[in-house]
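Same chain, two partners: chain A is paired with chain B first, then with chain C.
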Partner chain A sequence: MAVLATMSPEQARARKLRRERRNRSVRHAILLLWIGFIMFPIFWMVSTSFKDSGEWVAWPPHWLPHAPTLHNYAQIFAFAKIDTSLSRQAAEQAFSIWKALGDATLVCATAALLALLLGTFLAYSISRFNVGGRYFRHTILTIRMIPPIVVAISILIYYAVLIPFASTAVFGVRISLFDTYVGLILIYTVTTLPFVIWMMLTFIDEVPYTLEHAARLMGAGRITVIRRVVLPLVASGMVVTFLFVFILNWAEFLLALTLTHPEVTTLTVLLNKFQSASEGRLYGPQAAIGTMITIPVVILGMLIQKHLVKGFSFGTIRK
Partner chain B sequence: MKPLGIDPRIRWLSHPVAAQWAIIIADIWQWTSLTFLIFLSGFSALPQQLLNAARVMGATPWQIFWRVQFPLLKPAIVIAVIIRSMEALKMFDPVVLLTFGGPGTSTQTVAYFLWEQVWVFNKFSFGAAASILLLIIFSVFIYVGIYMLIRQRSVVEGRAA
Partner chain C sequence: MARILIKDLVKTFGAYAAVNGISLDISDGEFLILVGPSGCGKTTTLNMISGLETPTSGQIVIGNTVVNDLEPGERGLGMVFQDLALFPHMTVFENIAFGLRVKKIPDREVHERVTAAAAAVHIVPLLDKLPRHCSGGESQRVALARTIVTNPSVFLMDEPLSSLDAKLRVDMRTELKALHKRLSATFVYVTHDQAEAMTMADRIVVMSRGRIEQVGTPLQIYNRPASRFVAGFFGTPTMNFVEGTVELNGSGRHFRAPGLEQPLSDAVPAELAGRTVVLGVRSEHVLVGDGAALKGTVQLTEPLDDVTLVHFDYGQAVLLVAKAGPTTPLQPGSALSFRFATDYCHLFDADGTRLY
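So, the complex of A and B:
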């Protein structure tokens, strides 16, 4: 303060400006460093996906592939049985991304849709009728907090032993949920339901009750109120929740690895399978698959970017 | 780095300590964005009048952050800590993809240990017993987490009312 008092106003302003400029450059330097940290693995993955087998673990590292090749992509996108020119790196196994892509899309989309349907109505009832008591909206998170490995073993036994046993005893038909779409969809629905409820609660809590009340006074039933008043107002929230849950399922690894083999394959499981006995991990095709897995997620993320902040407030935003 | 006597070629995945750090860094890389989003939504919801009031009273940006914004951000911090610690406790994917619990047992997380017992060594009944035990242990953590969440929430609601 004393220093400021002895300075002329111009000097003070210049000083302030200089300090602000310095602060800004420090801030930008930190942010640039962070961007480098975040973007580097992604850059490396894309770069590796264009490298031929010798360059994957070259030392000193090749920042950009010296001889760019589409070999890895040709290998994962091969339609028929892999011919000799392509199978050089994965002679033992022939992998193709198409089945895994279809499986993953089907399972993730169905599970996300199912979870969204159940979760929206559950969130509505929790928000409006306090279903499950005062703290239910918090205790519902318990399901999400249990480590999946703990339930994975019991679910596996349930799917592969108990349900076939019971169905044979009762209906005389052996029904197994192990390694089926239905089984994976069911478990994904259950594991993502808490997140759906949490996100939808933040959206539904914001719908003013007076609107519903007005609709009720005009003679609309409860179902009509939900369909014509509440759902249109939270539609954008539902889209965000759907996409978020879709991405969660898309990236899920443990349960897919545990509950399916060899029929149903999701992309993450396929990625882990790309190893050959002679060469170890096939980094090139793995990087190519990683890039392919990432692209839809990035596109979806851009689509929901605007609404994401609100969905992620997890109820900390108060009106 | 060479002149300092440090070999820059750290054996990231085959050295016991380096492998732990490799997984830690991977986890930081993966999840910082989520906590960032939680804090961003927390910051954007802070009441602007309080900040203006502090600024009018001559608080420096540093003081505004530590004395006004930080305490108000506490619910978001609690949520982020709970969500992240729960997710970190059940860490599995980076371990399988990077190290398979090795070298030795230096990166063996709880989830990976259980998975290995069942699917590598085929000890199903051991796995089932261990998962029940784990469930009990985790219930304690979960109870504490949920309790903190509810308490935090009732504080917030009390302030709003």
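So, the complex of A and C:
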């Protein structure tokens, strides 16, 4: 009190400024530490992707490659037989990334597209007709509370045993979803559908009812109303949702590992296969693939980050 | 042509009856206004006429067709919504053209009709703009043009002027009235603004709690309100209400309340004598001036442009309002004498029904 009383307004203001500056510095220091903690594995991965095999597990660690090389990238992007100078006796394990890249793109994009189509219409019906009851929209996401490992084995049994058995018994044809594009696409569609519904709900809820009423009064049927009024207004939301779901699929590992082998291989599964009998894990090529998988995710993430906040806030910060 | 008949219309949402058995006969070319406070069922009624809500029971006939089972688009109606409902992703032209495009009308005709409709409400220069680049009044006109373009025989309007500022609202009232005259179509208009209802309507339907309180011309509604609710809803300021009893004595009929005695018209039925009633009198029928028998004290004055509202008490807890001239010398605290114009006293019973 006495101090305050003897301080001029200028001094008080200067004191307040100093305090604010100090608080800000502390806050930033904590955030920087946290970023360092989060980013270190990614830094290590990128750094390793440019190291030659001798440097992968060197001790003391080489933070940056002493002799930077593109061998790892050359190895994963190789179209043909790997040159022995690159292979370091691991030529037969030097998988090319191209097949997995194709598989992953096909599976992830198709599944995301399917989930988007189904999810958009489901979200529309939930938003407009309260399908599933009042609380359905809040319970949709609970399906994501089940860890994939819990269902992975049961689905494997369905895919590899029960469905083939049943189809043989009933139709006389053996249909197996194990290690097929269809099988993986189906499971990805199902697991990401809740996210699509949840995100599209927030976008569709923002389209005023009266727009649809107006269109219907002018003679438009339900389908025309959805096609010409609702969908154009949520188009940007659909793009965001598609990208988000695509990223989810792109990074999925466990289900792909369990439900495929050896035909269908996604990038995350391929990553796990980089081992050689003589050298153990091939950290360099693994790091190179890891880097390549990460790049599109980072780019897409930056593109949709603004919309993601909107989607994830569950409509609570609606205008 | 476009006469609308509504028979025993009911709409319930769960246990709540939004519209509770209303019947109406709207003649061809009439400008009918549904008015009432929020939640009185006026918009629900309009939505049932439009087909956006399905009646729980009752019948709606437009022209000679029972439309209960017709889709909204098949009823030949045009509707202007409270929020206007312009499609934000389409230009003004496409907004107006939407109804024609849905009906697959050839491009050349679409172009002609859209331009004509836009010209009718003076918005031709806006045709290439998006709705978000239009002002409130312009958007209003776009919504009107979009309704006109399909030549409906019935126009439904759900508080279309509520988003406009006061001055624009008054201008649009005049324009709507002119439009109604020009199109000679049936207008059914919903509002909670009694001034809109009084100025535009051929007939007013006053609704309260899902029921019709009164149907009549604006003057009938104002001069002979069918219930205390209607009497209180119309008129600014609100009608004065005083509870008391009717008495019959040698000099005629009288209304007596604590601190107040007022002669009544001889037309007041004699059998009301001794009954507890509510007397209603509008502020312009509270006559303030010398020679009046009743005394009061001014509490508050509100100068408006052409009148001054004088709020005063007469020794009781009830405040009364009178309209005085703009140059009245009355100030808060000054004493006044007053009486009610005998022929303009309304009597209601305790549940609000009109007695006289």
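Operating definition for what follows: the second predicted complex is superposed on the first by the 301 of 319 C-alpha atoms of A that agree within 3 Å, B and C clash if a C-alpha of one lies under 4 Å from a C-alpha of the other, contacts with A are read in each partner's own complex, and residues count from 1 in each chain.
Here, contacts are C-beta pairs under 8 Å (C-beta built on N, C-alpha and C of every residue); 3 or more make two chains touch, one makes a residue touch a chain.
Please read all numbers here as calculations on a predicted model, not as lab measurements.
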Touching partner for A:Thr224 - first (chain B), second (chain C), both, neither: second
Partner chain(s) touched by A:Trp59 [first = chain B, second = chain C, both, neither]: first
When both partners are placed on the shared chain, which of chain B and chain C touches more of chain A: B
First, second, both or neither for A:Leu141, with chain B first and chain C second: first
Touching partner for A:Asn272 - first (chain B), second (chain C), both, neither: first
Partner chain(s) touched by A:Gly102 [first = chain B, second = chain C, both, neither]: neither
Partner chain(s) touched by A:Arg216 [first = chain B, second = chain C, both, neither]: second
Chain C to chain A touching residues, read off their complex: 50-52, 71-74, 77-79, 81-83, 85, 87-89, 98-99, 102-103, 146, 150
For the chain A and chain C complex, residues of the former touching the latter: 208, 210-211, 213-221, 224, 228-229, 232-233
Chain A residues within the chain B interface of the complex: 37-38, 41, 59, 135, 138-139, 141-142, 144-154, 157, 253-254, 257-258, 268, 272, 308-310, 312-318
Parts of chain B lying in touch with chain A, wherever the complex brings them together: 9, 29, 32-34, 37-38, 40-42, 44-45, 75-76, 79, 83, 86, 89-90, 92-93, 96-97, 110-111, 114-115, 118-119, 124, 127-128, 131, 134-135, 138, 141-142, 145-146, 149-150, 153, 156, 160
